[in-house]
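Chain IDs A, B, C, D, E and F follow the sequence of writing; residue 1 opens each chain.
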Amino acid sequence: MSPAAERALKEATLPKGDAFVAAQLAGIMAAKQTESLIPLAHTLPLSSGDVRFEWAGAGTLRVEAEARTVARTGVELEALVAASIAALTIYDMTKAVEKDIAIESIRLLEKSGGKSGHWVRK
Amino acid sequence: MSPAAERALKEATLPKGDAFVAAQLAGIMAAKQTESLIPLAHTLPLSSGDVRFEWAGAGTLRVEAEARTVARTGVELEALVAASIAALTIYDMTKAVEKDIAIESIRLLEKSGGKSGHWVRK
Amino acid sequence: MSPAAERALKEATLPKGDAFVAAQLAGIMAAKQTESLIPLAHTLPLSSGDVRFEWAGAGTLRVEAEARTVARTGVELEALVAASIAALTIYDMTKAVEKDIAIESIRLLEKSGGKSGHWVRK
Amino acid sequence: MSPAAERALKEATLPKGDAFVAAQLAGIMAAKQTESLIPLAHTLPLSSGDVRFEWAGAGTLRVEAEARTVARTGVELEALVAASIAALTIYDMTKAVEKDIAIESIRLLEKSGGKSGHWVRK
Amino acid sequence: MSPAAERALKEATLPKGDAFVAAQLAGIMAAKQTESLIPLAHTLPLSSGDVRFEWAGAGTLRVEAEARTVARTGVELEALVAASIAALTIYDMTKAVEKDIAIESIRLLEKSGGKSGHWVRK
Amino acid sequence: MSPAAERALKEATLPKGDAFVAAQLAGIMAAKQTESLIPLAHTLPLSSGDVRFEWAGAGTLRVEAEARTVARTGVELEALVAASIAALTIYDMTKAVEKDIAIESIRLLEKSGGKSGHWVRK
C-alpha cells in the first residue's frame, strides 16, 4: 500500500475507526461461516480462531490467521477465509485513501494434526 | 499451482466435481453476502455479478470478478469478495492434490460510475 | 398425510407446538433469504409475503404463498421458496407421527406485474 | 416440464449456465443451512450430502438427495431441504423458457440408523 | 407496556398475528445464530432451546429463555440472545399500538453444569 | 455491573480484547441482519448505523444506537437490535469477570421521518 494509507492505518485516524480490530473480528466471524461460503466445506466447530497483523516493511502489512478444531476434517480453509476477509476489511477501511492496495499471496503456512501429519510450507 | 493440480483442474477429474462452476457460483453467492462479511459494508442490491477463469500461463489460473449495482455506494468490495471466495473454492477443491497453491494479487482492476468517475489500475 | 397426522395438526397437540404458525413464519423468513438459497436469484426487497393453509380434502393440506415486490425482477421464486419451506416445516413437526407425508406439486399459480404481464396457470 | 425446457436443460444452453451443477451445489449448501430454515430443526454436522439428477421419462427430471450425519438426531430434513432447493434452482434456471414446471412429490425414500432403525417407503 | 398494548397481545388481535408464537420461534432461531451474532461466541450445538411468556403484573410480560448443550463451553449467551430477540419480536408486533414499550432487565437467572458449577442469581 | 467488571472494561485488559470496538461492530452487523432475526421485519437498506458507549455513573454503561434509512418503513427495530446485540457482546466479554451484569431498559428514544413524524420519548 502507499505511504498515505500506511500512515492512516498506523494513526488509526480512518473515518471508519480502528481498522485492525474490525479486521480481526471480521476474519474470526467469517471463519465461523466457512461452511456457508465454500460450497463443499464441512460443518465443523472451531475451537479457536485468531487473526494477527504485523508491519513487514514499508507499505506491507502481514496478516496471519490461525484456526483450531477437534473435528475429523482439516481446518485450513477456515484460516484462509479468516485471512482473506480480514485483508478485505483492511481494504474496505482504507479505500477512501487509496484504491490501489493489493492483497498478495494468500497461502497456507503450516498445518498440524489429522492424518496428513505436520506440514510446513517451504 | 503445480502441474498435477493444473492437470486435475483441466480434466475436471477432481473427487469433488467441476471446480470452475462451483467456484463461480460460490463467488457470486458470497458477493451477495458482502454486507454480512465486511463489517461496515453497505447493504446494496447487486444488479449482476460474474466470475470468469482463464489459464494465464503454466500453473497460473486467472480469476476475474465483476459486480454491478445501481446503488449510491461503490461495489468494488463485492467484486473482490467474489474473486477471493472463488479462488478459495478452487483451493478447497484441489487441496487433496496440492496444499501449496497460493492466491496472488487480489486487487481492483477497473471501476466506473459513481462520483469518483472511471478508474483503471496502472 | 395419514388421518393420525391430520388429526394431530388439527388439534395442535403436536409436541413441538402449533405447526401452522411456525410454518407460516418459516416460509416468510425463508422467502427473505431466497437470494442466499438460489445461486443466481437477485437481491430484492419483499414488500410483503404471506403463507396460508387450508384443508383441501381428507389428508390433504393446501399451502399457498404470496410475495410482492416493487423491484424490477420477478418474485415468483420467493413465493415458491416460502411454500416449500412452510411445507417442510409442517413435515418436520409431524414426522414423529408419520414419516410418509409427501409434498405434492409445488408450482406457480399466478403472476402479475412486470414486463411479462398477467399470467395464470391453466 | 415442457419439451422446450427439457431440451434447454439437456443442451445446457441456458442463459444462466449449467443448471445441474448449480442445483447440486445449491442443494448441498441449503442442507447445511437447515437449522436456520426449519424453526425447530437441530444443529447437526453433516458428514456428507449429495444431490443427483436423472431423466425419468419425457419431461420428468428426478432429483435425489442424500444426507449423512453422526449426530443423535435424524437427518431426513436436511435431505428434503437439499432436494427442494435443488429443484427450485432448476426452476429458477428454466423459468425464462417455461413458467409451468411443477415440483412433484417431495418425499422421504429411505432412512437408516438411529433408534427408529431402517425404514423404506412402500 | 400500556394497557392498550397488553390488551392487544392478550386478545391476539394484532395485525401481524399471534405475537407469542412468533416471538418464541424467533428467539429459538436466533439462539441457533448466536455464533454469528456475538463476535467471539463459540460454535456449539444446542440440545434444546425454549422461550416462555408469563404476565407478571399489569403491563408487564415476563420472557424466560432456556438453552441446553453438551458442548464444553457455556450456553448462557444463547439463552440471553433468545430472550432478547423474543422480546424485540414482541416489540415489533405491538409497536403499531405503542412505541413506548421498554425491555427491562435482560439477565442470567441460573446456570448449571460446566466447570463453574451451579449458579443462581441472588 | 460490578466495580471489577467496570475496571476491566475501562482498562481494556479483558482476555478477549477491546470490548467496545467489538460490541460496536457486532451491533452494526446485527442491525444489517434484522430482517432475518425479527420474523416480520421488512428488508430495508441501512443508510448508516452506529453504536456509542458512555459511562453513566458507577457500574453503569450507556449503549446508544442509531439507524438511518431511506426506505418507506421504520428503522427503529434495526437500532434496537444494534443496541441489544452490542450490550450482549459487552456481556460476553465480561462474563469471565462477572456473571451478574444486567441489561436494563432497551427502549426507543427518538424517531423522526416517516408518516408518524417526529417522536421523542418522554
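The rule we apply is simple: a residue touches a chain if its C-beta (ideal position, glycine included) is under 8 Å from a C-beta of that chain, and two chains touch if they have at least 3 such contacts.
Predicted model, so just to flag it, every value in this text is computed and none were measured.
S.K.: What are the mutual neighbours of chain C and chain D in this structure?
M.R.: Neighbours common to chain C and chain D are B, E.
S.K.: Quick check for you: after a Cα superposition of chain B on chain C, what is the rotation angle, between 0 and 180°, in steps of 5?
M.R.: 120
S.K.: Which chain's mean C-alpha position is the greatest distance from chain F's?
M.R.: D
S.K.: Of all chains present, which has the mean Cα position farthest from that of chain A?
M.R.: Taking each chain's C-alpha mean as its centre, the farthest from chain A is C.
S.K.: Using the average of all C-alpha atoms in each chain as its centre, how far is it in Å between chain D and chain F?
M.R.: 40
S.K.: Please tell me the distance, in whole Å, between the geometric centres of chain B and chain F computed from their C-alpha atoms.
M.R.: Distance between chain centres, rounded to whole Å: 34 Å.
S.K.: Between chain C and chain E, what is the separation of their C-alpha centroids in Å?
M.R.: 26
S.K.: Residue numbers in chain F touching 2 or more other chains?
M.R.: Correct list: 22, 25-26, 29, 33, 39-40, 45.
S.K.: On the basis of the stated criterion, which chains touch which? Give every pair.
M.R.: A-B, A-D, A-E, A-F, B-C, B-D, B-F, C-D, C-E, C-F, D-E, E-F
S.K.: Please give the residue numbers of chain F that touch chain A in the complex, ascending.
M.R.: Chain F reaches chain A through residues 17-18, 21-22, 24-26, 29.
S.K.: Under the touch definition given earlier, write down the residues of chain B that touch chain A in their complex.
M.R.: Those residues of chain B that touch chain A are 16, 22, 25-26, 30, 33, 37-41, 74, 76-77, 80-81, 84-85, 87-89, 91-93, 95, 99-108, 111, 119, 121.
S.K.: Along chain C, where are the residues that touch chain B in the complex?
M.R.: Its residues touching chain B are 35-36, 39-40, 42-45, 71.
S.K.: Within their complex, state which residues of chain E touch chain D.
M.R.: Interface residues on the chain E side: 25, 28-29, 32-33, 45-47.
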